[in-house]
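Common to both upcoming complexes is chain A, partnered first by chain B, then by chain C.
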Partner chain A sequence: MNTKDIIIRRIILLAIVLLAWETLPRLGVINPLFIPPLSGVITALRELAGNGEMATHAAISLQRAALGFAAGAVLGLPLGLVLGGWFPRLQTALEPLMELFAQANPLILFHVIILFLGIGEAAKTFIIGWLCLWPVTFATITGVRTADPTLLKAARSLGLGRAGLFVRVTLPAAAPSIVTGLRLAAGYAFIMLIAAEMMGASSGLGWLVIQAQESYHITRIFAGAFVITLLAITADWLLKLLGGRFLSRVESGADDYVRMQGSAGKI
Partner chain B sequence: MSNLAENIIPDQEPKIVIRNIGRTFHIKKSPAGPHDFVALQEISLEVQKGEFVALVGPSGCGKSTLLDILAGLAKPNSGAVFIDGKQVTGPALDRGIVLQGYALFPWRTVRQNVEFGLEIKKVAKGERREISTRFIDLVGLKGFEDRFPHELSGGMKQRVAIARALAYDPEVLLMDEPFAAVDAQTRETLQDELLRIWEETRKTIIFVTHSIEEAVFLADRVAVLTANPGTVREIVPIDLPRPRQNSDIRSSPEFGWTRHKIWELLQNQPPADHRAGEQRPVADAISPSAAL
Partner chain C sequence: MFDKIDTIKTHLLRWSGVVVFLLLWEAAPRLGWLDAQFAPPFSTVLGAIHELAADGSLAKHLVISIWRGVTGLLVATLVAIPAGFLLGLRLPVWAAVLDPFLRVLSQVNPFSLMPVFILFFGIGETAKIVVIAWVSLWPILFYTITAVRNVDPLLLKTARSLGITTGELYLKVILPASLPVIFVGLRIGAGLVFFMIVAAEMLGANAGLGWLVHNSAMNYQTPRIYAGATFIVILGYLLNRFLLALERAFFSGEQEQVDLVPARRSSAPSWRPGWRSAAAAASVIFVFLLAGGREVYLSNLANASLGGHLGHQEEAGEANVEYTCPMHPFIVREKPDVCPLCGMRLVRKSDAAHGAGH
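Right after this comes the complex of A and B.
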């Protein structure tokens, strides 16, 4: 099957789903109070876009997600490089502790975190950053430690020193894995963002959805969900584009892995 | 690049002197408990400038270990290697190495792979491009400069690896079973091309293989190694006429006779006591063509 066929099939399938979304609630097959027809959601979207509310809240949310993601990446990358590249023994020793940290859901400790950091932006950045930190760190460690030894040998035979090897071989060899980690982290950032905004915020898309929920504006809930999904997909697409340079060059299942992990995270 | 007019003076000082190399690995985990494993024992060999020497021997006899030592990637436990009278203490750009497997950088194009050593040598960009173009042409990959390794066949990858090792103009080329992973037909083509490249560049080549046929076809001399411990059993001069590439030399009686002689050398090696139960002739483990 060629790509054109695949694209046509995908468009057809999408059209069917959208059509069903519009007609089934209208025909009363699905209760429109639970799932409003597509046109209703579009109306809500236009309304929120028209009065500028959507843009304001999306911008705030995006800023929070970006800040948390950046914090996680900026700390996770060097942490992974240092632990994976220079202190493999220390890394092995720290592994169980790091696994524990990675599994610890910061939402559970949200109120404790608020005690320390206040209800402001710091707490949100912290919990998003915390969640982003681990996939980036682990992926970087994996990338560095699984760099093909024959490549290192080939470069070493040219008289390349430790620092040169790291920059010219280890880092590019680890890049596909690092990009995978960044994509996972971006997915987590959006999930955690919405949760944090639902728990304690007075702005953002998560808050918008909660507001709509409390006032039974079902179409607005869907409108909010639509924009959140759109942002998450765009972020993933951008990272994929960034990593495409490396990802296309290695026959790894990095892409499938992100999808698998991403959907597992959303459950 | 070395001058084509430069002749090999027979009684000049050898290019490479390998003197009494020994290499022992300490095995920590094994059913027999921790012990020392002698991979190489008293290996001595002298190679003249511009000479093509093949090392042939069964799997595990220490060929790669010896090549690593020559490349300066590993240190011998005893003995020393001298190139132009200077002891080898580490890797350097006077030796080019083509490793077992292709070891191409997957994130670099053909051209970027070939230019890798030149970048390290800090050759200016324009000159780098000129040199890489020349060597990509030399290995017959003109038009594939911007491809990535995963877009190439096995034979093409091997050509890139050779071009990469040649590009920074090392005087010695060390090759570790470079054609082991390609199909038989590509292999013969690559052998022909290697001989042509060797004649054009006059490098000193040490070529590791486990195929007797390949060793005889390519080399001026074949060092026959035996395992447990890895030692040089005999050095066989190959008196076949050159140029051998694109010729029918493989089917000549002299070729067959030389091949048989090496096969016998490998066959007759005394079985090590701890392998006494295993009666398989060593040559069977070496090359399918050896059994012919």
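Right after this comes the complex of A and C.
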């Protein structure tokens, strides 16, 4: 079975799925109130895109996710490098605490954070940043820790200084793990952003979906879910592309998922 | 002897961070660095936990949450492992064809799907278990596909040349050989499950740890928020540790695996579980499922039948009667009140639902 065959089958399958989505609700096999036909969802999408609503909410959501993700990455990378590379004893002392912190999922955090920061943008950025921080930190620590000792010894015996060793050897060796951590963090950022927007916001894609649910605009729920999925996949793909510059090879498919989740086993 | 002292030292060092954090938590509100109304000192939170434990409601919420998680995980496992075997072994072409579809489905945000699940299954137990199962399905499925594909071909050839039947090949060779990797999928799935239980319980439930936190927040019982949150964090941590330990106990001997899972230090396990302990574990889970199911059923029943007892005030914390605003259904209070958004009088939740014709 060659690649071309598989692609043809994929296209046929996609066509069947889309056709079923359109016809089954229309024929009443599936209740159209629960799963509206594809054309209805497309109409809702066009309507939301036409009046600029979708673009506004998507931009707000993206901005929040990017801000939180950047905050998590900017704090998590140095934290991981410092703890993993320079202060192994401090890392041992902080490890259980960090694991416990990583367990404090944002949904419960939400109720605590709004006590301090109110219900505005700061709370959402904090929650997403918090969630992104831990995968990035753990992945960086793992990457620095598992850098090949032979490489380090060889570089040291060739007379590389401490700083040079860090920049030229440790960092590149840790890069694949760091990229994995960033991808995991981006995935989490999106999932949690939607949850945070559902719990307390007046804009954004999560709000759009919950609003549609409350007013029984079922097509809008699907339109919102579609855009959210699309954005999540695009973000993951971009990070993968970016990571491909650091990694020797870029995996795809189920194996990629397994490698990604497995290498961040702790989180 | 020195080893022992060293281990103790390492343990002390490991947990010193947590101890310092707890001390800070206790000191900061007392010294006025943090507002004690927002961040009550740790001892107050312990008091709240003790209170909850004393009237038995903590145990109830715990059992209900765990029951939901275990049931959802079980459903996901029963679907994903056979599906993974089928796709990985019998239909490799279809596995390749379906791969992008499965990946897109796994990327669909569970929160954006929640409204759809609620449409299909109502806000009862089914919707929660479906959401939980959906989330944990994907890691288990992807890991199973990868695992069964990467079984050592030498094992397969040897078994086949010894004249094994297909059924036996699956059960006696492929399943044991792929189990270590499948288990990692299960562990990741379990982590996600735990997280989704809390989310599902916040969006609509009448019991469970997620509900406890949500309800306390709605009633401004700050120590209880922290009490519930502490429990969720500790439970999640223990679950993760337990599964890691189980993984090590089961599979540390066969670490060669597929090189997908980062190798851990392979200390010899002190205890190797066999079929007998597996059967014991299975029966414990089964008994728990029955007992937990009864608890969930009773809790839902109590909640539904309370519609009849007008004026019957529950003590705070048990609070099965809820009041909601007819215009803003997300405003839920334990006592009759007015809506903070529009000033309308809150109505009993069940009455509001009947009035809307559901």
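Descriptive notes on the structure:
Convention: the second predicted complex is superposed on the first by the 239 of 267 C-alpha atoms of A that agree within 3 Å, B and C clash if a C-alpha of one lies under 4 Å from a C-alpha of the other, contacts with A are read in each partner's own complex, and residues count from 1 in each chain.
In the analysis below, a contact is a pair of C-beta atoms (placed from the backbone, for glycine too) under 8 Å apart; a residue touches a chain by one contact, two chains touch by 3 or more.
Everything quoted here is computed from the prediction, not taken from an experiment.
Touch counts on chain A: comparing chain C and chain B, the chain ahead is C. When the shared chain is aligned, chain C comes close enough to touch A:232, but chain B does not.
In the superposed pair of complexes, A:51 makes contact with neither chain B nor chain C. By the touch criterion stated above, A:155 is placed in contact with chain B alone, chain C being left untouched. Once the two complexes are laid over each other on the shared chain, residue contacts for A:6 go to chain C alone; chain B is not touched. Within the superposed three-chain model, A:39 lies out of touch with both chain B and chain C [touch as defined at top].
In the superposition on chain A, A:115 makes contact with chain C only, not with chain B. Contact residues on chain C toward chain A in their complex (touch as defined above): 10, 13-18, 21, 38-39, 93, 95-104, 106-113, 115-116, 118-120, 138-139, 142-143, 145-146, 181, 184-185, 187-188, 191, 195, 198-199, 202-203, 210, 213-214, 216-217, 222, 225-226, 228-229, 232-234, 236-237, 240, 260-262, 329. Residues 1, 5-6, 9-10, 13-14, 17, 33-35, 89, 92-100, 103-105, 107-109, 111-112, 115-116, 142, 146, 190-191, 194-195, 198-199, 205-206, 209-210, 212-214, 218, 221-222, 224-225, 228-229, 232-233, 236, 253-255, 257-259, 261-263, 265-267 of chain A touch chain C in their complex. Across the complex, chain A meets chain B through its residues 148, 150-151, 153-160, 164, 168-169, 172-173, 175, 245-246, 249-251. Interface residues of chain B, counted against chain A in their complex, comprise 71-73, 90-93, 95-97, 99-101, 103, 105-107, 116-117, 120, 148-150, 168.
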